[in-house]
Amino acid sequence: MANFGGHAIPGTFFLFLGFWLTVKRILHHYWRTSQPKGRHNMPPFFKRMDYFEGGLQIFASFVGIMVEQFVVDGPHAHLYDRENSSWVKLMNWQHSTMYLFFGIAGIALVATTTSKLVPLGVDRLALSMALFVEGFLFYYHLHSRPHLDAHIHSLLLVAVFGGSASAMLEVFVRDNIILELLGACLFILQGTWFYQIGFVLYPLRGPQWDLELHDNVMFVTMCFCWHLAVALILVACTSSVVYLALSEWWRHSCQVRSRWRRS
Amino acid sequence: MANFGGHAIPGTFFLFLGFWLTVKRILHHYWRTSQPKGRHNMPPFFKRMDYFEGGLQIFASFVGIMVEQFVVDGPHAHLYDRENSSWVKLMNWQHSTMYLFFGIAGIALVATTTSKLVPLGVDRLALSMALFVEGFLFYYHLHSRPHLDAHIHSLLLVAVFGGSASAMLEVFVRDNIILELLGACLFILQGTWFYQIGFVLYPLRGPQWDLELHDNVMFVTMCFCWHLAVALILVACTSSVVYLALSEWWRHSCQVRSRWRRS
Amino acid sequence: MANFGGHAIPGTFFLFLGFWLTVKRILHHYWRTSQPKGRHNMPPFFKRMDYFEGGLQIFASFVGIMVEQFVVDGPHAHLYDRENSSWVKLMNWQHSTMYLFFGIAGIALVATTTSKLVPLGVDRLALSMALFVEGFLFYYHLHSRPHLDAHIHSLLLVAVFGGSASAMLEVFVRDNIILELLGACLFILQGTWFYQIGFVLYPLRGPQWDLELHDNVMFVTMCFCWHLAVALILVACTSSVVYLALSEWWRHSCQVRSRWRRS
Amino acid sequence: MANFGGHAIPGTFFLFLGFWLTVKRILHHYWRTSQPKGRHNMPPFFKRMDYFEGGLQIFASFVGIMVEQFVVDGPHAHLYDRENSSWVKLMNWQHSTMYLFFGIAGIALVATTTSKLVPLGVDRLALSMALFVEGFLFYYHLHSRPHLDAHIHSLLLVAVFGGSASAMLEVFVRDNIILELLGACLFILQGTWFYQIGFVLYPLRGPQWDLELHDNVMFVTMCFCWHLAVALILVACTSSVVYLALSEWWRHSCQVRSRWRRS
């Protein structure tokens, strides 16, 4: 992970997840609000989206764990080196642990979608746990790092724990579109911030950043707020576009159907 | 900002906003409780109030950003000075960021008022975010300042984060007049406390305060509680006066109308 | 306050308040659960209890403020001594501030009881604020005191902030007897703990406690849990006795009435 | 407690309690969801389970207190040694205090089960308090211990305070199976983590762990996440097995009954 690519990959993943959740939840919201009361059978399309999302999460975390373990300088599934009496590549093991929990969240999502016996909200609880574990491991990661490095990662924790709290709240407050979009927004924020961490700690070109300069810390704090603003605007725009496109498409397909009936 | 005026301007703004919210929310409350059940179309007057509030917020934050950027010793929209390899006037940029979020809150309020498609509560979420960002930036502002300076600003954070939490709660608990007035009260508290900070750090006359004296810290802590008491009393008085005036006016206009019908 | 009596007086007050609230809330609960649905006019007895409680709070805080101000070595309403350029007896002023907020809570209780226009829950909000201000001032009180002194007061904060949070929750979750008794229990805990602080810091007889000994800190922590257990048991016993006595009295008065009707 | 056995006993207790709660709550959930609406009389079997659980808690805490007090090197119910002017075996007293609160929780459970006058949720409040007191005493336990020792105990606090918060939430949000299973999961986590603490601090064989090595701290943090994953999986598997076995048994007994009616 200690290079630009190692931050860009999770960043891309979270960005994609954030947009996916925005679109999915707006679709749900549109369907909920446009249905007459009483009809509550979800169309199968929503199920297929959840299967896809859950399957992708399981697949991605499996690949992630494999890569972390069997990359050239990885631990190759060895945890303890008896010869040197030392732990082997704990960093890779920690990342594997994070992926494991996102995999569990994927399994929970698939299980909730498949069976009506699994109580609603188990998927959100598992997602909340995955984010909690991510933040928890990051939190104990930060000791004895340079100031800016520790600070930029601790700002990430705001997005991670915020997302965890928002997912936990969704277990109890269901079908609240604002809460759902807030969760998606925090995923996007996490994604863009991973990129920002990559750009700051492993600049692609130009000089290295001074990791102890107070002005850099101040700038990075402010920059986090800009990312938040951008994430808010991205979610707002995406959901407006999806919602309006849906309405348009729905009105159109109704017209087509009514014309077809009349003829 | 590093003078009395720089604290008096946001103080005045928050004071005004607090009173405005008190009056607006009492009007809403009166209307809600006095209507027979079933009639839930808001009179257009409320919409106009929201447009005014949102428009003013957008305008004020635009002016605020412009002033922070293009004041004589401002950054003039330059963020990084390549010659000296240093950031340009980060303080002004941070203030601009705060204004930006209040501007976003204004846009959210206007959008919620305009269209029924925007879910209720988006305006409160945006307000909560604006206060969170304000507190967040202030929090990382305070390191390595003199004791009293850091303390007096950290007391401000109580009002700011309290207001943010109360606005966030309003997303979920709607039409609770106590919560709404508590939010307004915390704005008034913030406003008066900005004035207090100005008086303490940049006294208009008399000697400077000793920024390391423990007794000053103790006094300032207590003084914050007095401001809270004053804010509570101001909100209580304003809402009583508005409520009673409304009842009086309503009773009067009913009498006039019934007399007019009889004649 | 810096003697045993100064801790015994608030201790007695909070103990009394805790028992009073237990009895009052059990009466309310009994009345709520024993009434057939639909009848929701409170008997005037409850109103009189609230007037008494509110009046006593106002009176007690008025007396408290007067005593703190005009006691022999008090500030006599002088806040700043211009000759020595120093604040006058800030400790007394802080205590006056705490009393002031309990007075405001009393006024809010009387107002809520008197008028139906005051929204339900304002009394709880004011009580929550009074406890918050008490904890807030205590919190900033503790710096640079001996270890045991700071620790024993910080344990008090657990009861104070717990009570504040529970009162705040009562604004939103109404008529939940468990929450109401928890609030009363935390007042009793606060009361007994004030006595404990008095006994530890100003022992009536025997040697002084060593304020830096780690074992004393450990004992005091454990002792706080015992106080909590005692407070829980006191609340449980009081409410059981009151509830059973009420049932007995109610059954008896019903029998008397029915006999009287038959004859 | 300062040996492996002293951590294995509470570990076994919490593990057992976690599994017991999982099974009990799934039984409740099955019964709730399979009943037609309106029938809300609990079968007596559930009452007997609660009596057993409460009775066992009371018995276990009584035995625990007795053992802690009258073990060979225990305090034998002496709190203060006047000769040496020192507290006697405060560690044992602290453990007794923890057991006391679990005993109170047992009494509350029995009382809630016995009488309808005890409001629903008192048992959860008492359980929440027992966990809070456990965490509270542990928290002030940790000062001036070696790094790894303090860290491994502070991770325990995550499970303890998490369990306390979840039990407190159950007072207000009733019959939410996800919340109930989360509580059970946190008990299992606590149980396995007690074992882990025993293995790390008092290894049965092999060399002692280096209590200051940063890598050990990192491993232990990650290991806690693995325990969480295991606890989640154990709860998921147990509840699935119980639920499916119940359904099978119910279907079977229905068939038997209908065959018996036809013949």
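Each chain carries a letter (A, B, C and D) given by its place in the written order, and its residues are counted from 1.
Operating definition for what follows: contacts are C-beta pairs under 8 Å (C-beta built on N, C-alpha and C of every residue); 3 or more make two chains touch, one makes a residue touch a chain.
No experiment lies behind these values; they were computed from the predicted model shown.
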item: Chain A on chain D, rotation in degrees - Cα superposition, rounded to nearest 5; value: 90
item: Taking each chain's C-alpha mean as its centre, the one farthest from chain C; value: A
item: Self-contact between copies chain B and chain C, residue sets same or different by half; value: different
item: Separation of mean Cα positions, chain B and chain A [Å, integer]; value: 32
item: Distance from chain D to chain B - Cα centre to Cα centre, in angstrom; value: 46
item: Touching two or more other chains - residues of chain C; value: none
item: Chain-level touch network, classified as line, ring, star, complete or other; value: ring
item: Chain pairs that touch, as defined at the top of this document; value: A-B, A-D, B-C, C-D
item: Sites on chain A touched by chain D in the complex; value: 85-87, 90, 93-94, 97, 100-101, 104, 117, 119, 121-122, 125-126, 129, 133, 136-137, 140, 143-144, 171-172
item: Residues of chain B that touch chain C when the two form their complex; value: 29, 158, 173, 176-179, 182, 207, 214-219, 221-222, 225-226, 228-229, 232-233, 243
